[in-house]
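Chains: A, B, C and D, in written order; residue numbering restarts at 1 for each.
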Amino acid sequence: MTGEPVLDRAHGLDLLRQMVLIRRFEEKAAELYTVGKIRGFLHLYIGEEAVAVGTMQAVGPDDNIVATYREHGQALARGIPAGSLMAEMYGKATGCSGGRGGSMHFFDVSRRFYGGHAIVGGGLPIAVGLALADKLRSRAALTACFFGDGAVGEGEFHESLNLAALWKLPVLFLCENNLYAMGTGLSRHQSQTDIRRKADAYAMPADVVDGMDVLAVEAATRRAAASVRGGDGPFLLELRTYRFRAHSMADPELYRAKQEVEEWKARDPIALYIARLPEMGFLADPDLAAIESGVAAEVDEAVRFAEAGPWELVEDLTRHVYAPVTS
Amino acid sequence: MTKMTYRDAIREGLREALRSDPRVFLMGEDVGRYGGSFKVTYRLLEEFGPERVRDTPLSESTFLGAGIGAALGGMRPIVEIMTVNFSLLALDQIVNNAATLRHMSGGQIGVPLIVRMATGGGRQLAAQHSHSLEGWFAHIPGIKIVAPATPADAKGLLLAALGDPDPVFIFEHATLYGLEGEVEDEAVPSEIGKAAVRRTGETVTLITYGGSLGKTLQAADQLAVEGIDAEVIDLRSLRPLDISTVLASVDKTHRAVIVDEGWRMCSFAAEVSAQIMEGGFYNLDAPVARVCSAEVPMPYAKHMEDAALPQAATIAQAVRQMLGAHG
Amino acid sequence: MTRDEIRAAVLRALGEIAPEADLASLAPDVEFREQLDLDSMDVLNFVVGLHASLGVAIPESDYPKLATLDGCVEYLAARVE
Amino acid sequence: MPILTADMSAGTLTTWRKKAGDTVKRGDIIAEVETDKGLIDVEVFTGGTVEQILVQPGATVPTGTVLAIIREEPGAAPALAPTPSVPPALPSPVSATKQVAPAQAPSAAGRARVSPLARKLAADLGIDLTTLHGAGPGGVIRREDIERAAAMRAEAPVKEPRPLLDRPARLRQTIGAAMARSKREIPHYYLSATIDMHRALTWLNEENLTRSVTDRLLYGVLLIKAVALALRQVPELNSIWRGAEAVPSAGIHVGVAVSLRGGGLIAPALHDTDRQALGDLMRSFRDLVHRARSGGVKSSELSDPTITVTSLGEQGVESVFPIIYPPQVAIVGFGKIAERPWSVDGQVVSRPLIVATLAADHRVSDGHRAGLFLAAVDRLLQEPARL
C-alpha cells in the first residue's frame, strides 16, 4: 500500500459515506424496479463503489467526466443530487436529464458530467474530443473517461487511445474491469487479459489497481491524474473490481458461479474499508450509525422527490431535437 | 462577384471561418499536409498551423466522435469525412451521439458541429466509392442535411452551418469540385431549409439537389426545344425540406418529376413524392415520377455506370412519358 | 297601373317559366300553348308569379281567360286597382 | 411477484427459500422465479418473519401478485405498495404522434378539387366537371358525385338560362346509355288500368278554392300520393338493385319525371312521399320543377328515387309504356285525363278517365302483385280526402 494518501478523519469518513450512499441508493433502485416505479434497463453498481468514490477524489470541478450506462456510482460521487437521479429513473421532468434519458443517460452539464452512454465504447471518442477542445483552448483540465472491460473489444477503444496518445490529449482512461462483458468472461473476450498492457501499443503510460480498496484507488488515480495534468498526454488506469449483482435486472447470471460471487463479496469494498478504519483511529460505532441513518434519510428524500416530480407534457415531445429558433 | 470553382469557394469559406473564429478548427484524413483528397483544404495547414488543421489517423468513428466532444467542449470543429462511403464507419457517433445528445440530455447539450463529405458516383470508382446516401442521413431528426449544387451555395451553406447550434452535414457531389460559378465577394450565409427555383416553367416541375442539378437543367433545355416548359427546383437542403416551394410549383404545373442519385427504393425522392401527394393531391394531373439510380451496386465500366445513374436523357424521357400517358 | 306596366309584368312572369322563350316575338292574340311548351305546372307557376307581382288571386276557373297575352292584360287590368 | 425484467408481466414461482415462521432481513433471497430471461432470485426488502406463503411452487401469476405475507419487525421501513407509477395516458394518440404532413396546398384559382378517380370517371362518362359541386368535404368532387350525376341520367342544366345549344345532344347520349342498358338487362312486363278521376277532381276543385294561389294543388300530386301509399301494400315494387340482389327500400321516395325546357328530363325524388301531406308534397314538387326548369338544381341535391312516376297526359298521350330506370324495379305511367263514357251502377255516364300503366321487373315482382298495386291506386284515388 505504498503512496498511501494522507488521510484525515473528515476525508476518511466522507469516503465511507459516499460508498454507503451509492450502495443504499442502488438497493432502493432495485426495490423500486420490482414494483415498476423504474422501468427499462437498470445496471447496478453494487460492489464497485470504491472505483467511483476513489477515482472521483482525483477529478476536479473543472475536469470533464464521460461514463457508461452503469454510471449511478459516478454520478453520485460527482455530487449530482440523489433526488434528480431517482427522478430521472422515474422518467420525471425533474430528472437530471429531464426524464428523457433514464438510468443509462444521466447528464449534468453544470457538473461537466457528459453522460451515461449506452453504446459500449461510444463515449471514448467524445472524451477524446472534450480533451482536444481543452487542449486547443489551453484550458487546464482533464477528461475522466470511464468504460468497462467489454469496451476494450470495440474498435473505438483502440482508435481513441491512439488518437489521444498521438495528439497528447489530457484524457484519463479509467477501465472498470469487472471481469465480465455482460455474460462473457474476460478470458473469453480478450486475447490479452492484462488490459493495462494494451496502452503499451499506443506508447501510453498505464497502471492497475485493486478496485476494491478505495484508498488504493484514490492513490493510483491521483498518480495517473498528475501524469495527465503534467502534459504527458493520456493515461490508462485499470481498476480491477467486481459487480455483486447481475449485469442488469434481467440477467439470470448463468455465466458465473455463485461461489465466485461469494468469494468477491468477502472483499466487499465497504466492509474492507470499515475493517481498516479503527486501526487508523477514525471510526467509532456512532460514526457508522450516523452515516447509515444520514444515507437512509437521503435515499428516502430522493424517492419522495421522484414520486412528487411532475411528468413532462406530451406537447413538449418535439422539444430538444434542434436548438430553439432564436431569429 | 468573382468566378471560382466549387472547391475554391469552399476553401474561401473555410479560410474565412478559421480567420474569424478562433474556436473553428478542421479535422480529417489528409486535410493538412496532403492538402485534402479533393484539394479543398489545400495550403490551409501552412496558413493556420497543425493545431487547427489536423490530419487524423484512419479512425472515422473516433475523430468524428472527437469532433462531437470538442463541440461539447466549446469549439466549432469542421470534420471532413473523405467520402460518404467511409461515413458508414462513424454512423453510431452520428446517429447515437450527434443527433441525440441534445434530446437525451433534456436540452442541456448542443452539438455545433459541421461534417463535410464528398458524395455520389460518376467517376468509375465502382461500388464501394460511389454511394449517394444523403437520403439515409435526411431520415435522422436532430441533424441538418444540405447539398450545395453551385459554388455560391458551397460557400454560402458552409457559412450558414457555422452559425447553426446543431450538427450540419454538407454533402459535396464529387463531380462538382471543378464546377465554376459566380461567388459574392462578401459572401452572405445562405438560408438552410430554403429551395431555389433555378429555371421557371409552366408544364412540369423537376425537383433535384446537389450533383444532379446540372443534368436536370440539361434535360429542361432539351424539353424546351420540344415545347415542354420545365421548371427546375434545387432543394439545396434535404432536412429541413422546403416542401412549400415545391408545392407552389406543382400547384402551377400539376406535374412533378424528382431526380435523385440514390437508389430508388426508400430513396429521398420517395419522401419528396409522398409529401407532394400529401400536400398537393388535388393539384396533380399525373402520378409523381422519380428518376433514381438503378438498384445495383455501382458498376465500374463507364457505359454501365452511365446506364445506372440518372442522365439528362432519362430525365427528359420521364417527362415525355408522363405527358404521353396522362396528357 | 298602366296597361304597358301590366303587359311587362305578364311577360316577366312568362320569362320565369319559359326562360328560353323569345317573348319579344310573342303573338299577343295567339294562345300561349301553341307558341310555348307549357304544362299545368308552368301555368300554376305563371299564375303564382302574377299573384306575387300584381296581387291578383286568379281562380282556376278563370284560367281560359289567360290563354293569350292580350287576354291576360285585359283580365288583369280589370282587376288591378 | 416482482418485476424482474424489462418486459415481464407474469412469473412462475419455482422454489421457496424460506418457509412460514422463518425470519428474513432486507436483501435476503426468499424465492426463485422463472422469467422470460431465465431463473432469477427474488430479494426481500423488509426484515420480519414469514407469516404465510400464498402462492405455491409451479404457479404462474401476474407481477404485483402477493406471494407471501411477512410480519414486519417494528420500525422496519414499510414495503412499497406495488403500484407502478404510470405516466398519464396520452391525451390523444394524434397529438402525441402528430405527423407533420404538409398542409393541403390551396388549389390554383378556378381549379376544382377533384380526385383523380373522379376526374377520370367524369371524362369517361362525358360529364362536365364544372357543373358539379362535390358532396365531399370542402366541396371536393369524388367518385360518388360522378356516379350520382350519371345515374340521374341527366346532366344538371348549365347555369346560364339562355337556350342551351349542345345540351340535348349530350343529354340524349347519357339518357340513351341508361335506357339501352335497362332494355337489355331488365325483363319488363306491363299492366294497365283505367281509373275514374271524377271524385278526385271534384275534391281537388273544392280544395283549391279554400287554398291561396301559392298553395294550389295539381291533380298530379294526388296521383303521386296514391302511388306512394299503394307501395306500402306491395313493397317489392319499391326495391332497389344492390349488386345482384333487389332490396326493398326502407323509405318510399317517388321520383317524378319532369320535362326540361328544350328537351330531356330529370326525375327528382320527393322524399318520404307516403308520409308527406299533399300541401308539402306540392310545395317541394313545385319548387323542384321551378328550379330544374330555371337551371338551378344541382344533381347532387337530387336524392335517389325508389320508384318513378311519369305523366304525359298533358301532351295528349293516352297511355304510356315507360322503361324502368335502373337500379329501380318498377315505373308507373299516367296518360291524359279524358271525358269518356263509363258505366256506373249499370248507367253509362260521362266520366274523366285516366289510364295508369305499370312497367315492372319480372325478376322482382309478378303480375298478380302488380295487379293488386294498380287496384290499390284506383281505390285510394276514390277517397281523395284521405290522401
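Just so we're on the same page, contacts are C-beta pairs under 8 Å (C-beta built on N, C-alpha and C of every residue); 3 or more make two chains touch, one makes a residue touch a chain.
Computed from a predicted structure; not experimentally measured.
A.B. asks: Could you tell me which chains are in contact with subunit C and with subunit D alike?
C.D. replies: The shared contacts of subunit C and subunit D amount to nothing, since no chain touches both.
A.B. asks: What chain pair shows the greatest number of contacts?
C.D. replies: Greatest count of contact pairs is found between chains A-B.
A.B. asks: Most central chain by CA mean?
C.D. replies: Chain nearest the centroid of all protein C-alpha atoms: B.
A.B. asks: Where the centre means the average of the CA atoms, what chain is farthest from subunit D?
C.D. replies: A
A.B. asks: So how far apart, in whole Å, are subunit A and subunit B when each is placed at the average of its C-alpha atoms?
C.D. replies: The mean C-alpha positions of subunit A and subunit B differ by 41 Å.
A.B. asks: Per the centroid of Cα atoms for each chain, what is the distance between subunit B and subunit C, given in Å?
C.D. replies: Result: the chain centres lie 78 Å from each other.
A.B. asks: Just the number, please: Cα centre separation of subunit A and subunit C in whole Å.
C.D. replies: 103
A.B. asks: For subunit A versus subunit D, what separation do you get between their C-alpha means, in angstrom?
C.D. replies: Chain centres of subunit A and subunit D, defined by C-alpha means, are spaced 68 Å apart.
A.B. asks: Among all residues of subunit D, which ones touch two or more of the remaining chains?
C.D. replies: Not one residue in subunit D touches at least two other chains.
A.B. asks: I need the residues of subunit B touching at least two other chains; which ones are they?
C.D. replies: Nothing qualifies.
A.B. asks: Where in subunit A do residues touch two or more other chains at once?
C.D. replies: Within subunit A, no residue touches at least two other chains.
A.B. asks: Linking chains that touch, what shape results: line, ring, star, complete or other?
C.D. replies: Topology of touching chains reads as other, fitting no named class.
A.B. asks: All pairs of touching chains, please: list them by chain label.
C.D. replies: After working through each pair, the chains in contact turn out to be A-B, A-D, B-D, C-D.
A.B. asks: For the complex, which residues does subunit C have touching subunit D?
C.D. replies: 16-20, 37, 39-42, 44-45, 47-48, 51, 57-60
A.B. asks: Which of the residues in subunit D come into contact with subunit B in the complex?
C.D. replies: So the residues of subunit D touching subunit B come out as 101-108, 111, 113-116, 140.
A.B. asks: Give every residue of subunit A touching subunit D within the complex, in rising order.
C.D. replies: 27, 30-37, 39-41, 90-91, 246, 249-252, 254, 307, 311, 314-315, 317
A.B. asks: Can you tell me which positions in subunit A touch subunit B when the two form their complex?
C.D. replies: My answer: residues 64, 66, 95-101, 105, 107-109, 114-115, 117-119, 122, 124-134, 136-137, 143, 155-156, 159-160, 162-163, 166-167, 319-323.
A.B. asks: Over in the complex, which subunit B residues touch subunit A? Could you list them?
C.D. replies: Touching subunit A from subunit B are residues 25, 51-52, 54, 56-57, 59, 61-75, 77, 92-93, 96-97, 101-110, 141-142, 144, 164-166.
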